[in-house]
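Think of it as A, B and C in the order they're written, each chain with its own count starting at 1.
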Amino acid sequence: MTSKTFNVILRVWRQAGPGREGRFVEYPARGVNPDMSFLEMLDVVNDEIAARGEEPIAFSHDCREGICGTCSLVINGKPHGPNHGVASCQTYMRSFKDGDRIVVEPFRARPFPVIKDLVTDRSAFDAIQQAGGFITARTGSAPEANSVPVPKEVAELAMDAAQCIGCGACVAACKNASAMLFVAAKVSHLGLLPQGQPERDRRVLAMVATMDGLGFGGCTNQYECSAACPKLISHDFIARMNRDYAKALFHSAFRPAAAGGAGA
Amino acid sequence: MSQLESRIPPGALAEKWSRHKSGIRLVNPANKRKYEVIVVGAGLAGASASASLSELGYAVSCFVFHDSPRRAHSIAAQGGINAAKNYQNDGDSVYRLFYDTAKGGDFRSREANVYRLAEVSAQIIDQCVAQGVPFAREYGGLLANRSFGGAQVSRTFYARGQTGQQLLLGAYSALSRAAVSGGVRLHTHAEMLDLVVVGGHAKGIVVRNLLTGEVTRHAADAVVLATGGYGNVFNLSTYARGSNATAIWRAYKRGACFANPCFTQIHPTCIPVTGDYQSKLTLMSESLRNDGRIWVPRNRDDRLKPPASIPEVERDYYLERIYPSFGNLCPRDVASRAAKRVCDEGRGVGESGLGVYLDFSDAIGRLGEAGVRERYGNLFDIYHEITNEDAYKVPMRIFPAAHYAMGGLWVDYNLMSNVPGLFVLGEANFSDHGANRLGASALMQGLADGYFILPYTIGDYLATLKPGSRPPADGPEFMQAADGVATVTKRLLSVRGRQPVSHFHKRLGHILWQHCGMARNREGLGKALQEIPALREEFWANGLVPGTGDSLNQSLERAVRVADFLELGELMCRDALAREESCGCHFREEHQYPDGECKRDDENFAHVAAWEYAGEGTAPVRNAEPLAYETVKMSVRNYK
Amino acid sequence: MDLVRNLLGSTIGKKLLMAATGLVLIAFVTGHLVGNLQVFENPDRINGYAHFLQSLGPALWAVRVFLLACAAIHIWAGTVLALEDRKARGDEPYAVHKWIDAAVSSRYMRWTGFVVLAFILYHIAQFTVGAAQPATFKENIGHYTMTSDYRVMGLTVVRAGTEVLDVRSMVILGFRRRVVALFYMVAVGLLSLHLLHGADSLFQTLGVRSHRWERGLKAVVAVFCAAYFLGNLAIPCAALLGYLH
């Protein structure tokens, strides 16, 4: 556990507010312990900055155990840093060495405007979710849980998709700032389960329309998203969503219209 | 002194809730939209309550300080959620779940509330499955279960090691649906900084927008706090960095009683501290104790030896030795205290000496590495990321850490505090877990409160109000509260001292961990009660909060929260000092059996201590709500 | 109509169009190559084949229009998506950007696409319209008399003794110019690279791709693209090196 401390130089994006001009500022981080997390290293640097009477670096973080999806740094050109399958908060300083220059930037995408420094506004994801990322099940109206069996393989696959922490690294990593992996994860999680079938077509059409409307780019099947995903969500789900989308288009074009009308 | 009326319905324990539901007042469906309900927080309790209330037709506004409701810390719960489904055919029942939970809480919870919790537990699973929560399944497609501490049946439903995440995403999806249908107005980056009480009733809140610094006032017919627990008072804890007590603390200062503040859970299986820079302790799910065996060397000289080199006979599997019938699955408080004891004896492992082994070599022998990986793979990965050690090869090192707050705002059977119109749900209230919470029951409580209890009980209060009778948000009480919020912010920014806020938080955490942690005594608590006010004074004289109040300022956010922790910490110690007994997590060294177990004093302390704010500089008043166990006999907890 | 609006309006809709048209175009270039490889056989083969295609008349035009429409849709969708994608990325670029996993062929689709478009235009100008190298175009080359029947699926479509255009000579003479041959070789190289990502990618877009056979698919696509490249390379090389007279 005791390991020698070392020094690195941070080059951090500083931006006073939304739409303001930003620039990179260098800060030395001295006495870095390899067992520190990247965010803990930033905490220490921030205390030093504050002690000098300057404003600390604003960065998003909360649970610091890789599940809340709040942290969102691009470290040396990679969302969430050099390691595979972890969030920024689980990036440890042992991944760096003495004398490294580390460039820290916010997630960049037009639908994720910078709020301040490294903090971005990712409310676009909530808007996509609100468009259809749910199964309508009024509280109290649910049938007995075991009345609908779900094959283990299906439940596991749904869980693979459902693990998404909504951090936005997929968007940050994509050269098109596409949100396909995020949306595909949501669509697949609910679309795989029997409970999600009634709204399956409506869901995929609505979520994709909202995603497009918010200004996310399209998918060019390069799979940078799944490579950057801290939960390693597979781009297989994107293929699945494409298929679901095509089916839903087909269904919507040929479904006979129901007469409808209010009940008694 | 406040009158604490628990409003427990009469009748047999098993019939109380159904009788109560049939008896309470209702609000006409057409009138519901005329009632404005504010929900603060969107974790399991807040999100489920917001969604369910809007489905009923109420006009709901939900406030969260996060950038999205999905970030609430419920998301980090790993292990599972209990429910009395008896799918395993192992004899589980509502009564057993109730009894285990009440006993697990060392008989310091409210019997009727706990029974109700067990009663609605099965419905929660139904609801979550309908929402698409991908619980673990068996090959036949039916739901799977696992075992958790403090129970001898297998009743825990889980979604890998991310049960909280999946349940929260379920509640969040219901909330999202409500938000798009217009039933819930969602306010993000909005931190509640005061409760507004008009004519003795909760009528609104004051909120600061964390991005713009704007202070706004919001009026409502009822205010629901679902803001989580206050365990971050310890600084180092398994809570998210943003988790805080500010909302409930401001409500306390507006008259809501704070119940059992000293009941804070120290979870036995967390990754030990490595250095002073540390910001967070990471939990390793209790489910690991299903297959992992906890031990330390018999001989203190062996504590730094490689664990593999210590032969079987030289190992002390102390939980299996002391508690043969529950073994490694004894309740959290018991396991934590036992770990502390062996470390105090100098047998703790790792450099700091504050750690015990959680060893999977037997399980790997039995299930194979692949079998263990299937059950706990993500936890082993987390452990590896943090410690750089491979737990498949060397045992994990674990140590207890602050994890949950059983204490919280006092509520009656309707989940309403002593301030009418103020409801408190989930971890923010005190009612269901007594002096110790069992694993997999926090998720159960949060969702029970939000989905199945508040939607009924809030009607009982709202029905007493005339629709449209809420005061305007620019009344004198609102203006005064908003001014107060602005003043505190300004004051914090004007100190410009030398020490950053983190410094004070660390010191407070250290004092509390030392004196109000796993073991407490009169002398230590007395010391803490001197140190904390002094630290608070220093904070206000020498705290450094850089930046301004009109844009995103994370230092200011933390300063506001730490300022409240510095007051709450004192109340915790006061409560711990006043409770002259040991129960659950509250271990007063003066009150123990010769074998080191908790010695409860049911004659004098079978009550809830509900503290009432009495003004700045005046000692708070300790009210007591007696705990009447009508059905269960309070016994000495025995897990041996 | 919803279907048309969604296909043309949404990102996935446009991608579906690109994948479907891409599939048609892959089928076309593959068939085109197989037909052209007849240049290595008896002159009856390629000349008879060309004459047969020309004799189809309206059917040939229908196919041509269809192919041009596919190409146009492919290019239109690709261009619109590219513009949207660029806009989505925002104004502030990353100071440091590292590719993690993206295949090299996938990173230059737009550039390879451009060159392929230029190539196709030239190719049509050269061999179909005759604008690029009028000296070696069909009006200026001799005729050829078929020495045997040309059959398609057992049916005789061009009889022995028929006077047909000497397409074979046109091709060989065309490639005798080194600049033309070199441009052709570079272009088919880039087209193969374009296909390397495109042929794999269309399965993903059409929703029929999975980790289970990702590696197999990649291998098949790689072999296909290599074969396509070598096949196309063979004709100008042979012409340049004098194997074809």
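Just so we're on the same page, a contact is a pair of C-beta atoms (placed from the backbone, for glycine too) under 8 Å apart; a residue touches a chain by one contact, two chains touch by 3 or more.
On a predicted model such as this, the values are computed, not experimentally measured, just so you know.
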Worksheet item: By mean C-alpha coordinates, which chain is most distant from subunit A?
Response: C
Worksheet, complete the sentence: Averaging each chain's Cα atoms, the one nearest the global Cα mean turns out to be A
Response to the item:
Taking each chain's centre as the mean of its CA atoms, subunit A sits from subunit C at a distance in Å of 39
Worksheet entry | Gap in Å, rounded to a whole number, between the CA centres of subunit C and subunit B | 65
Discussion item. Measuring centre to centre with CA averages, how many angstrom lie between subunit A and subunit B?
Written reply: 27
Discussion item. Quick check: what residues of subunit A touch more than one other chain, meaning two or more?
Written reply: none
Response to the item:
In their shared complex, subunit A is touched by residues of subunit B numbered 48, 51-52, 55, 66-71, 73, 75-76, 85, 87, 123, 125-132, 134-143, 159-160, 162, 165-166, 169, 172-174, 176-177, 179-180, 186, 188, 211, 238, 240-242, 274-275, 277-280, 282-283, 350-351, 382, 385-386, 388, 451-452, 455, 498, 500, 502-503, 544, 546-547, 551-555
Response to the item:
Residue positions on subunit A within touch of subunit C in the complex are 11, 13, 22, 24, 74, 76-78, 103, 105, 108-111, 114, 173, 175-178, 180, 205, 208-209, 211-212, 215-224, 226-228, 234-236, 238-246, 249-250, 252-253
Worksheet item: Across the complex, what residues on subunit C touch subunit A?
Response: 1-3, 6-7, 9-16, 81, 84-103, 106-107, 109, 197, 200-201, 203-211
Item to complete: Using the touch definition up top, name the residues of subunit A that touch subunit B in the complex.
Response: 1-2, 16-17, 33, 35-37, 39-41, 43-44, 46-47, 49-51, 53-56, 58, 60-70, 83, 86, 90, 92, 94, 115-116, 119, 121-123, 125-126, 129-131, 133-146, 148-152, 155-156, 158-159, 162-163, 165-166, 189-190, 193, 195-196
